[in-house]
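Next come two complexes built around subunit A: one with subunit B, the other with subunit C.
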Partner chain A sequence: MKTVLVIFGGRSPEHDVSIVSAIAAVIKPLELLNEYKVEPVYIAKNGAWYWNDKLKDVSLYRTGQIDQLMSKGNSPWLEFDGGLQLVKQQSLGRVRKQRIDIVFPVMHGSHGEDGSLMGLLEMAGVPYVGCDVPSSALAMDKVLAKQVAAANGIATGTWVSFTKQELQSDQQSVKARIGSLSYPLFVKPAHAGSSIGITKVANVSELDNALEVAAHYDTKIIVEEAVPNLIEVTLPIMGNSEPRPALLEQPLTDADTFFDFETKYMHGGKKKMPGKKGGKLGAHGYSNLPAKLPGDLYKQAETLGLNVYRALGCSGTARVDMLIDSKAEKVYFNEINPMPGSLYAHNWRAAGVSGTELVKQLLNLAEERYAEVEKVQTSFSTNFLKQF
Partner chain B sequence: MKRFLSIYYPTFPAAIVYMLQSTEYDTKAYLAWLHRTSDFSVVMHRRTLDRTTVAKAFLIFMTMGIVLQIVIAATCVVLGYIEGSALTTFTGIFLLLSAPIVWAYLVIVPMFFAKHLIINPKLERQRRETKRILAEHKGLKIAVAGSYGKTTMKELLATVLAEGKKVAATPGNKNVATAHYQFARGLEGDEDALVIEFGEGHPGDVRRFTETVQPDIAVITGLAPAHLDQYGSIEEAGKDIFSLTEALKPSDVYVNLESDAALKHIKPEYVGFSSDGLDGWRAGKATIDLDGTRFELKKGKKIIHVNSQIIGEHLIGVLSATAIIANRLGMSTSDIEAGFAHTKPYEHRMQPYRLGGAWVIDDAYNGNIQGIEAGTKLLASLKATRKIYVTPGLVDQGRETTAVHEKMGRLIANAKPDIVVLMKNSVTDAITRGLNEAGYKSEVIIQHDPLTFYTNLDQFVAAGDVVLLQNDWTDNYQ
Partner chain C sequence: MNVIVNDLLVNYSRQGKGSPLLLLHGWGDRLETFDGIAKKLEDSYEVIRLDLPGFGKSQASKNAWGLKDYAQHVADFLSKIDTQPAAIIGHSNGGAIAIFGLANNQLQTGKLILLSSAGIRSVAKGRKLAWKLLAKTGKAATSMLPSAARTSLRTRLYTSAGSDLLVAPGMEATFKRIVSQDVQTEATKLQLPTLILYGMNDTATPPEYGERFHHAIKGSRLVQIDNADHFMHQQHPDKISASIKEFLES
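What follows is the complex of A and B.
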């Protein structure tokens, strides 16, 4: 039985989302399969690592008992001993060791989804689920992702970007660049996910506040022109060299709101339908699945999503968000998420992939990519040192 | 060691009373469970003790008994120490250690007295009262018996007849003497027809119910290995079930001809029903899918269109019998057809429902091989991205257990599911043998924790899947 290390939590604003994703969408189906031994590692908001079987229980976090567990528990350390091994000091001088066969990082946002954790796992020489170091880093930087997409002939809309430092030291110049865009605008932190720190700006009077919010969450900011006649869609994709799409999903928000953190994760994923009385929609009932789009827009969006996935060199899984101008029938790449919340398991289920199949396939893809990388020669002998 | 120590856990008395309750205070079944249990800390897995008055009384009896024995044991140990008597000390230690086990057996004593001094006399009074009420009742009495399909038949009759008659039927799957008594007491007296289900748990049950109810019409849904731990053989079960026909004219007896085991008990004069129809009525043009079963019954120029939401080819005979009994009672064709429109799948009997885009057919109350045959046949006929078959196997199959489960494996294999999920227990190997014999090559998953599997079924299914769940085992079966 292979041992899968599931890493979640982390030093990111999406820490809590990561806990839910890991426990509900990864650990639970993995354990139901009875084919893997699952070891949970939780990274607290302060960056400390914890390794304990009790971490698989979501009530631990809901009730605050996690603080008690953290105060008692020792952090594990990692040994790169021809692979990855978790080690923890226990009572009476005992040491618990566990060799890891595959890692399933379920981190959202910075310090985890952005490639930094993947770098650690590359160094350890262990297969891991999801995008690799370069694609994760590209995907988590909205500016770089758009630049790479644009370089590959993919429509990205109109936008400008700048650093927090530029904003603070040369606000005039930054605002002049923003002035070249037509309102309404979206102001976003370049690296944050789950729609955190994003503000829709209707006119120039709202701009300062939006910039302040974005700068609070990131050192790099992107300002985008809103797409008119907007239909937002998102497409989960899975695969390495031959990626396959799930279903194109259309969040049910009106043109004046957007698919924000509240809609996605609060109220159990429920939001009132605009213009409708009474009841909230069911879990993940905030979207049309599959999206109902006029003409060949569904096909266009699906193709664009797959092109983005390939252009950024993604592997394992990712979710591509797109914006559609329904009148112009034009699809734009918005952003890409290398570790979709809860793996977007609801979408995969509707596409014919069960929760257990999804995690199993992702583990297989991780091993497949690892085997491919292992085939590549990374060192060779020279006489270079002999001259010294 | 942990298992052995579980008899000393504070929860042990509750576990024992739970076992009594789950076996319906049946001494034989309770002792069988007690003897095969090694870890009493996990006995209450599927549910917990329902603290009824009887359960509370047993719990108090058990707890007080253990406490009393511990006090006596402690007294012995102290006396032994004071008097320097090793025998007294060891007796005390023995009494102390054996207290839980001793009372796990002594708890049978009040069960024995309660059964013979309270329960049996009470049942006899209830039987007399039921007989009196029903004898005075002017309505037509239809008795439904058989090893399987009784509740479906009873509900069908009650639903269809209610379109043109005032009907009363025994509720749910309540089919024993106490249920008949409660049913009889609840009658208003002006019902046109009474539909009464006869359960068969012990030899002589059906004969006693027949004597009490004295039905006008009998419907026998089939004979299969069930409750054989009590009956000993299917032959004995058949004799008891067919005792229902003895006081009736053969033309008042409706029997399912598609039950092979029942054939030897069937007289040619009985009205036999099958998926071909009955009594000169021919069933044809059948379509069966997850929306229901549709067909027509034709006799000469007369046609009855049956359109029911209940599903399964094996139910065409049952539906036909319902239609013809209704016709015999003078109901019009339009009333009969309107009655069928109200029939719906019954809980846990081929009951389809949606789960995460998949179809799940809940047939958890199916407890016999005929039902397995019908279910696997249905699964084979349905279109799906993946077909998943889930079962723990069947219980109470007596000496036939191995043969029945090997046959079950073959039936499952013939349905060609993409995945077979078996709940690990004493019959898993026999089902697996049957699967292998029939050349089944796809995936077989052995689940060790059925409750976890069932409660997380949504994680295993996706849109386009069809899942058939057949039968379910409670904690008292392993």
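What follows is the complex of A and C.
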């Protein structure tokens, strides 16, 4: 039986969402499969790692018992000896060791979804689920992602970007560049994963505050024109060289908060609809699945999503967010998330892939990519050292 | 809405039109605590609420804060959004911040409304000691509340963006500083019309606190609300907002 290490939590603001994604969408289905041994590693907000079987229980985090567990140690160290091994000191001088066959990182935002964790796993030489280092890094930088997409002929809307340093040292020219855009605008930190630091700006009088807020979170800022007659859609995609789409979904609320802590656990998996006292709706209350779009917009968006996935070199899975001008019937690439919250399992289910099949296929894709990379020889025998 | 105040991101909201009212929430709470009364007040006033640093969607301070720091932060926030409130409404610890800031001229306003205000720390030495002990466990923030409120508050806390703010090192130290600060002396310095509201079933800040503040603040009006606990503004938004409106219009 192969051992899968599920890593979640992390130092990003999306720490809580990561816990829910890992436990509900990865650990539970993996245990149901009964084909893998599952080892959980939780990364606390301060960056400390914890390894304990109890970390698989969501009530630990909800009740605050996680504090006790953390106070008792439970921190592992990692051994890179031709693979990855978790090691932990136990009582009476005993040491617990566990060899890891595949890693399932379920991290959102910085220090996890941005390629940094993937870099660690590459160094360890272990297969891991999801996008690799370069595609994760590209995906988590809104500016680079748009530049790569645009270079591949994909429509990205109208936007400008600049650094915090440029904003401070040459505000006039930055403002002139922003001045070339038509309001309303969205001002965003280039890297933040969730909606943190994003401001919709109706007119120039609101611009300074929005820039200050974005610059508080990032050293790079992107300002985008709002798309008129807007329909937002999102498309989960899975695969390596032959990516396949799930269903195009039209969120009726902020896509990033789809399956947050409150929704999934505090209200028993259902969300109270605003304005309707006691009224509860499930996932279907959040979105049109599949999206209902006029004309051939569904096909256009699906094709654009797959093109973005390929252009950025994604593998494993990712979710592409797109903006549609329904009047002009034009689709624009907006953002890409290498590790969608809860894997967007609800969408895959609707597309005919169960939660257990989803995690199994993702593990297979991880091994397939690892095998592909292994095939490429990276070490050569030379006589270079002999000359010294 | 977001704004940066002294290098901290502050989440705030403003709704309605009229004289501006500033609402300050209590420890472990967030601006949504006032949803009920804000809806009732917005037809006559501009209701401004912020998540205090370390709570709701606002960034935590980098070190341990006392009431003076919180009051200064509120003053700096008001100056950043260029607003002078006609009245300040403070719930629980928000009341203690308002009293401290007004007494020390950090804050300026026309009228003050205290809802189940905290800031009296010497009624029972035992209670103070218990708080200090609880503070050491890192669970103190909600432990002082009645069990129903505790459950509801913890639920809200754990659903917030930064669910474990309570155990963030900075917030624990801040809590210990806050619960050791008594504002009864500051209250005696206040010279503005003040309405004091306390719930008769409040065990976190019992009605006797209201009597003490009423005694300390010259010319203040004390109203005790039946069948109300520490979160009376959530239990009785109609009654509380009606009392506030009547006081503001008097």
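Operating definition for what follows: the second predicted complex is superposed on the first by the 356 of 388 C-alpha atoms of A that agree within 3 Å, B and C clash if a C-alpha of one lies under 4 Å from a C-alpha of the other, contacts with A are read in each partner's own complex, and residues count from 1 in each chain.
Keep in mind that, in the parts below, contacts are C-beta pairs under 8 Å (C-beta built on N, C-alpha and C of every residue); 3 or more make two chains touch, one makes a residue touch a chain.
This is a predicted model, so every value here is computed, not measured.
Novice: On the A-aligned overlay, A:199 touches which partner chain: subunit B = first, subunit C = second, or both, or neither?
Specialist: Only subunit C is touched by A:199; subunit B is not.
Novice: Which of the two partners, first being subunit B and second being subunit C, lies in contact with A:292: first, second, both, or neither?
Specialist: It touches nothing on subunit B or subunit C.
Novice: Name the contact category of A:212: first (subunit B only), second (subunit C only), both, or neither.
Specialist: In the superposed model, A:212 contacts subunit C only, not subunit B.
Novice: So, A:2: does it touch subunit B (first), subunit C (second), both, or neither?
Specialist: A:2 contacts neither subunit B nor subunit C.
Novice: Which one hits more subunit A residues, subunit B or subunit C?
Specialist: Partner touching more subunit A residues in the overlay: C.
Novice: Would you sort A:45 into first (subunit B), second (subunit C), both or neither based on which partner it touches?
Specialist: The second partner, subunit C, only.
Novice: Is A:244 touching the first partner subunit B, the second partner subunit C, both, or neither of them?
Specialist: It touches nothing on subunit B or subunit C.
Novice: Using the touch definition from the top, say if A:97 reaches subunit B (first), subunit C (second), both or neither.
Specialist: neither
Novice: Examine A:29 and indicate which partner it touches, taking first as subunit B and second as subunit C; both and neither are also allowed.
Specialist: In the superposed model, A:29 contacts subunit B only, not subunit C.
Novice: Could you list, by residue number, the parts of subunit A that touch subunit C in their complex?
Specialist: 13, 16, 45, 61-62, 64, 66-67, 197, 199, 209, 212-213, 216-217, 260-262, 266
Novice: Under the stated contact criterion, what part of subunit C meets subunit A in this complex?
Specialist: Against subunit A, the touching part of subunit C is residues 1-4, 7, 9, 138-139, 154-155, 158-159, 161-164, 167-168.
Novice: Which residues of subunit B touch subunit A in the complex?
Specialist: 356-357, 385, 445, 447-448, 452-453, 456, 458-465
Novice: Quick one: in the complex, what on subunit A touches subunit B?
Specialist: Per the touch definition, subunit A meets subunit B at residues 28-29, 32, 34, 346, 348-357.
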